[in-house]
Structure formats: C-alpha cells, structure tokens
Amino acid sequence: MKQDIKIGVIGGDTRLLATAHSLARDGFRVNCYGVPKIKGKYNGYKICNTLEDAVRGAKAVVVGVPYSADGKWLNCPPKDYAISVKALLCNMTSGQLLLGGRFDAGIFEAAEKHSVKAIDYFASEELTVLNAIPTAEGAVEIAIKELDISLRDARILITGFGRVAKVLAYTLKGLGCDVTVSCRKKSEGAWCRVYGYGFMPLETLGDKVDGYDVIFNTVPAPIFTRDLLCNTDAVIIDLASVPGGVDTDAALELGVKVIRALSLPGKVAPRTAGEIIAGSVCDILTEEGML
Amino acid sequence: MKQDIKIGVIGGDTRLLATAHSLARDGFRVNCYGVPKIKGKYNGYKICNTLEDAVRGAKAVVVGVPYSADGKWLNCPPKDYAISVKALLCNMTSGQLLLGGRFDAGIFEAAEKHSVKAIDYFASEELTVLNAIPTAEGAVEIAIKELDISLRDARILITGFGRVAKVLAYTLKGLGCDVTVSCRKKSEGAWCRVYGYGFMPLETLGDKVDGYDVIFNTVPAPIFTRDLLCNTDAVIIDLASVPGGVDTDAALELGVKVIRALSLPGKVAPRTAGEIIAGSVCDILTEEGML
Amino acid sequence: MKQDIKIGVIGGDTRLLATAHSLARDGFRVNCYGVPKIKGKYNGYKICNTLEDAVRGAKAVVVGVPYSADGKWLNCPPKDYAISVKALLCNMTSGQLLLGGRFDAGIFEAAEKHSVKAIDYFASEELTVLNAIPTAEGAVEIAIKELDISLRDARILITGFGRVAKVLAYTLKGLGCDVTVSCRKKSEGAWCRVYGYGFMPLETLGDKVDGYDVIFNTVPAPIFTRDLLCNTDAVIIDLASVPGGVDTDAALELGVKVIRALSLPGKVAPRTAGEIIAGSVCDILTEEGML
Amino acid sequence: MKQDIKIGVIGGDTRLLATAHSLARDGFRVNCYGVPKIKGKYNGYKICNTLEDAVRGAKAVVVGVPYSADGKWLNCPPKDYAISVKALLCNMTSGQLLLGGRFDAGIFEAAEKHSVKAIDYFASEELTVLNAIPTAEGAVEIAIKELDISLRDARILITGFGRVAKVLAYTLKGLGCDVTVSCRKKSEGAWCRVYGYGFMPLETLGDKVDGYDVIFNTVPAPIFTRDLLCNTDAVIIDLASVPGGVDTDAALELGVKVIRALSLPGKVAPRTAGEIIAGSVCDILTEEGML
C-alpha cells in the first residue's frame, strides 16, 4: 500500500535527506529535488530533474526545518538550487499536503490560496519529545568537551524544566551526575525528588548560581543577567531557542564562557533526526486519512 | 602537618600541573619545575628557577605519565626545558621517593643506584579504576560526535571486560543504551545479566560483528582482524593500550573507520586526572609512613 | 517563629501521628487529641485531654485522610474516641484553618457555616507526586512477594500513565526490569521511549495482554473485563482508586489473581507519609500567609 | 539431541521441581522421584514410582541444595519419602554424574567409592552471581516491609562487597536509594565511586554505624558486636551465610531488630532459582562432554 503513495521531498539539509531515506525504507515512493548530494549513506529515493517532477502526483510534499529563512526562498542549502516558496506552491495542486517545520502565518495563508493544506510537523508533541534525546546527547558531548573535570564530578544546573530539560536531566542522572533543576513551577520540585535531582525555585537562582561548574539553560528568556553572570564561573550551555537566556554582551565582558547550542538533533544525529521527522510525516498521513 | 611536607613536581603535562594544584590545595608545600604555564586555573604551588630548588628537601618528587618517552629525557612538554632522568636522580638524595607513571625496569634500576625509592603511581588499582570514569566519558564524547544516529538508538558492542570496559558499559547503560559485551571469560556473562548488558563469548564474535553501529575495543590484542573487519560497518573506537586491537592496515583498505583513543583522562578531564594522581600520591605517602 | 504557631492534630491513623511528630520536629507547637498511642517512635507533641484544649488557639487543625468515612464522624481509629465533625467545627473559631484529606462538598459547606476555611491537603500536586514514591515501593514489595520468578525476569505491564504509573515505571526500570506502559494518550509513547519503556495504546491491550507475568493497573475504570481476563495468566496488582480497574467477579471465576492495593503510603511507610502531609501543611500555611 | 538425554531429579524443594520443569522444557527427558507435589505450575517431567526407575539410564542425577542436612538423608521435604544418600548411590552406576548443592567431603568420598563423579553445582560462579539477583530482590522486599519510611529516604549501609553485596548495592541504587558500602579492601572504594555508592573502610565502621536506618550485612563473621549494636537504631538484615555477622544475644538484649534472611532465591523466586540451577546443570553437562 505504501508503495502506491508518492511523497515529494524538496530542499532541506542532511536531516531531510535522512527523512527521504527513512520514508523510502518504509515503503513509500519518494521523489526528491534540491536535496544535498551525500553518497552511500542515504538512498532508496529518486532524484528528479525538475521541481515539477518531484511534486507531481505526490500525496504530500515535505520541506525542511525551518521551511524558509525569509518566507520567500525554501531552505535549500545546495548552492545550485534556488526554489521559491511561490514556485513550490504553483506546482502543487488542491488536495496535496505541504509538510514542513516552523511554519509561520505567511506560509499558511499562501498555502490556503493554492488550496493546499499546510501542516507543521515540528509542532508535533512526539517529534518534540523524541528530538530531545539527540539534543540531550549533543549537550552532553559539548559539556564533556568543554569541562576540564569529568562530568561525573561536575556540579550541574539545569534552568527550566520543559521537554529538553527533562530529558537532559534524566540523561545526566543516568551518567551518574549530580543534577540540580531550577524552574518557576514549585510543584516540579516533587518530580525532581522522584527522579533524584536537586531543585530550587527559579526566583532564588541569584543567590546560588555560584555553586555550579556547568549550567544548561533551556529558558528562552533573559534569566542570566549581568548580575547573575557576575556570580558564576560556570560554563553556560544555552539550549534555549532564540533569543536564548543569557545577556551575551555581559558574558563577554565578564569572561563567562557561553556556548550557544541550537538545532542539535540535525547536527549531532542527522539520521535519527530524519527518522523522527519521517515518523511525524507518517503520523500526519494517518491522521489525514491517507494511510 | 601537610604544610610541613614538601613535594617536588617536575615536568609533565597539564594533568601533572593539576596534580600540583590539587596537592597544594590539600595543604602540601608544592615546588614545581618544568611545568606548563597555564594562567589562572591552576595555582597554589611555587615555581622554582632550578631543578635543584624544586627537588631539595622534598619528601617525594612527582613526575609525569609516562615518566619519559625514551627512558632518558623526562616527559616535559614545554620546549624551554630539557630535563634528563639522570639529572633528576643526581639531584635527589637517599630517602626521597620518586613517583611517576609507567615506570620501566630502567628507571627502577637507576633509582636504586641513587638509593631513591621509585614507585609507579599508575600501577595503583584505585587510580586505574578512577581513571576509567573520564576515559568512559571521553569515549562517549567521541561516539556521540562520530555517529549520525543518537547513541540511544545505536547498537553498541564492547570488547573486553576489564576496568575500562566495565565502567564504559555502566556509563552507556546509564545513558539508556543497549550494550553488548564480548569477552573471553564466560562467567562474566552472569555479571552482564546483572547489569543488563547482552553478552557473547569472544570466540563467537566473528559471526555476529555485523550487527553493531559502534564498537568500543578495550583488548590490547589483534581481535579485529581483516576477516572480522570485512563484516562490519561499525565505527570502531579503540581504547586499548598499544598495540590496540585493530588491524589498521586492513581497516584503511576496507574503509572501516577506526578511532584510536588513548590517554583520554588527561585530554578530556585534565583537572580530574590530576586530582586522581594527587590522591594516589597521598595514598603512597601514607603507605610509606610519611603522612 | 514556628514555636509561636500552634497546630491541632485530631484523630487519624499512624500516618497522622507521624505528621504531628514531623510538625513538632520542625518547631511547631503541636497539640493532639484522639491520636493512636504508639510508644517511642513518634514524639515531640502534647496529648490533650479534651478536644477543646487541642483546638484552642491553633492556627490550623489537621485531621486524617480520609477526614471521615461517612461525613459525620472523624476518622479516628482508637476505639476510646468518637469525635463528630460537628463537634470539631463547634470548637473551632473564625480564622482557623481546617486541613484534612479527601474533603467532600459537605465538609466545605459545614466549615463555611462556622467561618472556618477548609483546605484539602490531599489535593496538593506535590503531595500526590511524593506519595507515589512509597506507593511504588509498596507495589514492588507485593510483586516480589507474589511472583515465583524474580522481578528482573518478569514481563511487566503498567496500565495508565498518571503520577503513580510514572513513578512506578521509573522505579521498576531502575530495578532492571523490562516495563511496558499502556495508556490512551499516544504522545506518551514518545516519553516512554525516552525512559526506556515499551508502549502500546490502551485500545490494543486486548490482543497483547497475554504476554505479561504481572500487571500493575492504575486506571480507575473497568479496563480488565472478562474478555481480557480470559487471555492472561498474570498477577494483577490493582493500584487504582475505587472502583479499581478489574472485573473482580470474572477474575474470581477465571482464577486470575488480583491484589487490591490501596492507600499504600500509609501502610508501607507511615512515617514518610506523615512527613509528606506535614510538608503539605507547611506549604498551605505559607500560602495562607501564616508562616 | 537433548531428548535422548535422561536426567534424574531426586528429592529437593520447590526450587528443584522448578529445575526439573526447566530441564524438561529445554528438551531433556526428566524423571523425578521424591519431589514435592505442586499442581499446574511445574510440569513436563515424569514422576517415577521408585528411586531405581528415576535413576536408571540417567546421564546425571540432580539432588537439592543443600544435598542433605546431616550427610545421611537426602534433602527431601515431602514427608512420605525418606531417601538415604547410600540408597541413592547404590542405585547409581559408574559414569553417571551426581549433581547437588553444598557437597561436603563425605559425599565426594562416598560417590568416588561408587565410581560416580560428584559435582557441586552451587560452586559455579555463574550460579552464585545469578542467585544474587533474587537474593537482592528478597532483601529489598524485607526492607520495604520492615521500615516505616520509604526505602528512597532510608540511609542504607551494606557491609561486605562480595557478589551479593555488589548486586544488592546496584539494585538499591537503581531504586534511587542512597547507599554506603563498608568492606575491608580499600581499593573497592574506587569502584564504589564508579557506581555512586558511599564507601567507608570496615575498620572505621564502629564510629559511624549510628547514621543508618537499615543495614544489610553480607559478611559471615562477627562484625556486629555488642559495642557496635549499642550505637545503632537500624534494622539489620543479615544475609550472610552461617554464622551470620551479628551477636544475636546482644541484639536481643539491646532491642536491635535483626532479620536473618537465608536462602532467599528459593523462597522469593523458586522458579527463577530452579532455572538458574538448570542452567548450571547444562553447563556441567557441556563441560563433561555429555551435551
């Protein structure tokens, strides 16, 4: 049945190529255009000569994450391609799905005009949780590299307790580390006790920020102000989405090392990241009654 | 009491400087010569102008690991110093201890001629076990970096089940990984079951080596022959001491990626590595009745 | 400051006595009435001769969980006492807090008539989460006792994925067990992957219920129908609140062993359960501006 | 092939019946005599009417653990049987193996006279390690039951660091507990650090025994003297083989609760214990070239 379903994959980075590979391995007929050329590792899909060929007859067209940097041109790293969002939509027909990451109002509107249903696979709860696994591993890799002590001996603070923070705390605890979590919601303190993490309310952070060797921030709000930065010698690994959680000017002046670590799944484990997106694409096809 | 005990630290790398720092923080009077100049991080010791000054009056003289690359010149990375083993021993007097790493027959003989007792701190069981912690973390860092899938999804094989393998298996399991151990001694299979690792006897490795994404070797013997390498797509991270466990020529020809990872504690966590050596130095001083 | 705050503790079981002990150890002046007489273990509080004495001047009056079996008489196991809810409220004055467990509409209304603010400490998120720890331990104890295989070898299913299920799954995984979770919400499958549990949607349970040695149910709805019970040889440990999740008549007929395990914290770890309630009492006093 | 091999199983407890069941399930022809009658759970073997029938033609004859309480009568709990060791050996012929647990010099001599090779399956390293898993679970069950606090909150001491202690420490740590180990060999302190346990040398136990809620002893030597017992309120769970590690008279006088917990695998998980023995029997048959 899956071999009767055609999926177009347009542009994107290595991760999206891994998505194409994973969908093909699952049995879909996958037509690509504008994808990176990486030999050997990823295969099973067909590379088309034109955008039109890749899109024609597809139940769903999958683009990268973010789908575009400026809302006009598709995310498409290979330099020999320049694919506009408009060109893509003009090639699509009513009833096709457009799936991509970090869709904004503009793309939803534009898709609607072309009678194309646009769905953001990056909004999926499963995808977000599963992506937290390679994110946590990438954060661990950075911490091992940056610290001159073993992680096991490090005093570790995690700010925030959302998905990434939860998975990271669990991962570090598994490594034998001493982990303290700081977030706003006090009842999370009980969960921290369950999982064996220390806990402090975020509002008391200022007094205690000096006791850590490494701080993983997951809060996208200016928590690490100049005042706080004055009191810490820790390396700060900032995993929070834009704008991050650190006053970087102050950090620079004060000599606090801050490492901005974004989009780790695609960097650390592109194949896994692609499989996670492929899983999300399958879920969406199922929900839309196409599978 | 410790402040009455003088210790000389001669040559060595960052790790030995961290040892000096750690001993000084513990209260010893530490005199260094020929150590790397690293500002800010390590302190509390005195830097002497001559070898003689650093050695005179010391209960113990601590050198690096390995103590020497050729048995003639001390391990002493900074280029402005060249300290011969002979010069060191000539400056030492009867009753002083010479402590270093990976001592060979030559150094023991030479020390004896100078009535100096030489003790290899790297032969300590505690040190070897504790060093396995940063070694395991370094191996994890390499694996996360090299694999294009998340470690959590990787099929992992560890060959050998000595100290490093035990700590590495435990660390990877803690990270949520699926770990299989392969070693000669069959009764270790029961321990693997206790700790939740898969097990296969080393002699059956040939038939099953194809099922893994990453292999950590800890056996310093030619296990990974051309025949075995033909059957695997795994990345091999070779942690075994010289000569390692992989036929590197065959690996190169066959396109099997092998990463030789030696002396990880000093590279990954020099401060921790130095503290571990300092702990070993203290243990030796206690055993020798000097503390 | 705490020594200026008087707290009355009325009736209840060992757990509430442990609450009195814990509050007294924290510095409060604790006056008890109608509590069990247990020598040696719990102390620091004063036993009053009359209800009036215990209540007079108290900032808060703490009763047991459930506060009453019938809404009329306070939960008060010692046979020489019979304290009515009405009598308690008549002794209380405006501004005093009435704290108890599992308050119903009746008690809130009655309290309001006496201008007494009633707060259910058992509704606290923290308390519920923390109570899940001794609940999980009690469930583990039962499972070890009931199974003729080691828990490590058992195929374990947990139905539901609320607080108790989450803590139990984590506890069993920590013990080295193979754990599968089944619940309605599919996105929990991603969390199960994070924590290393198997997952199946609850609607597919019927087909797969035969593969388990022990099932921990946490869903208070009739999941384990006669049809399902026909297909399992597992021991079922039912942790769900009334009415539980098992058709007990069918189970009896079919010879499926069902163990109803309720109120485990008070049974398994009364001292810990009392400390958790004391913590909740402190939180409430803080929120009410009394601390 | 296994179906051509006959094995006799004589006497023993539920565990040995489970061994018979497990061997039969593995494909051996199993003839029993003098085993407990337990319906439904264990099957696949044949019950013989006479000792002679059960022994005749068997490659190996398996008896219980311990093989005998007095060296004369076989361990055979069902009251309607009384089987002497002599009678068993008289029925055996040269070339048959006699396998049992806790063989002493007497049985080895007697077997030799009958040209029967006797092998103690309980001396197997694998069996001892694997048995430590249900032992640890049994110890956990007892501790949860005996303590009035949750195990997670308990301060736990383990004396000794042999196989049982290692598995128990690992199990308790997995449960989230704080574990301290005390043993003679100081280098084990490094392993304790690897696994995240506290450590103290056994000779310093006297000064620190007061800080624990529960103590698991695994050392079969009089460690817990009157002096030590004076300083502790802990519950002591004594897992050490005879004579245990506690001065029980002193404990009784001082009101220290001591629980003697022996042969836990057979009590807690007889089926698993039987499977472990069956595994050991298979290993022995393989080593003896019979499989």
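Here the chain labels run A, B, C and D in written order, and each chain numbers its own residues starting at 1.
As a working rule, a contact is a pair of C-beta atoms (placed from the backbone, for glycine too) under 8 Å apart; a residue touches a chain by one contact, two chains touch by 3 or more.
Predicted model, so just to flag it, every value in this text is computed and none were measured.
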Select, from C-D and A-C, the pair of chains that is joined by more C-beta pairs in contact.
-> C-D
If we define chain centres by averaging CA atoms, which chain lands farthest from chain A? Would you check?
-> D
Rotating chain A onto its identical copy chain D by a Cα superposition takes an angle, to the nearest 5 degrees, of 180
Take the average of all CA coordinates in chain A, do the same for chain D, and state the distance between these two points in whole angstrom.
-> 51
Hey, how far is the Cα centre of chain C from the one of chain D, in Å?
-> 37
Would you kindly tell me how far, in whole Å, the mean C-alpha position of chain C lies from that of chain A?
-> 39
Of all the residues in chain A, which ones touch at least 2 other chains?
-> 133, 176, 194
Chain B to chain D touching residues, read off their complex | 125-127, 129-130, 132-133, 166-167, 170, 186-187, 189-191, 193-195
Given the complex, residues on chain C that touch chain D span 18, 41, 133-134, 137-138, 140-141, 144-145, 147-153, 171, 174-176, 268-272
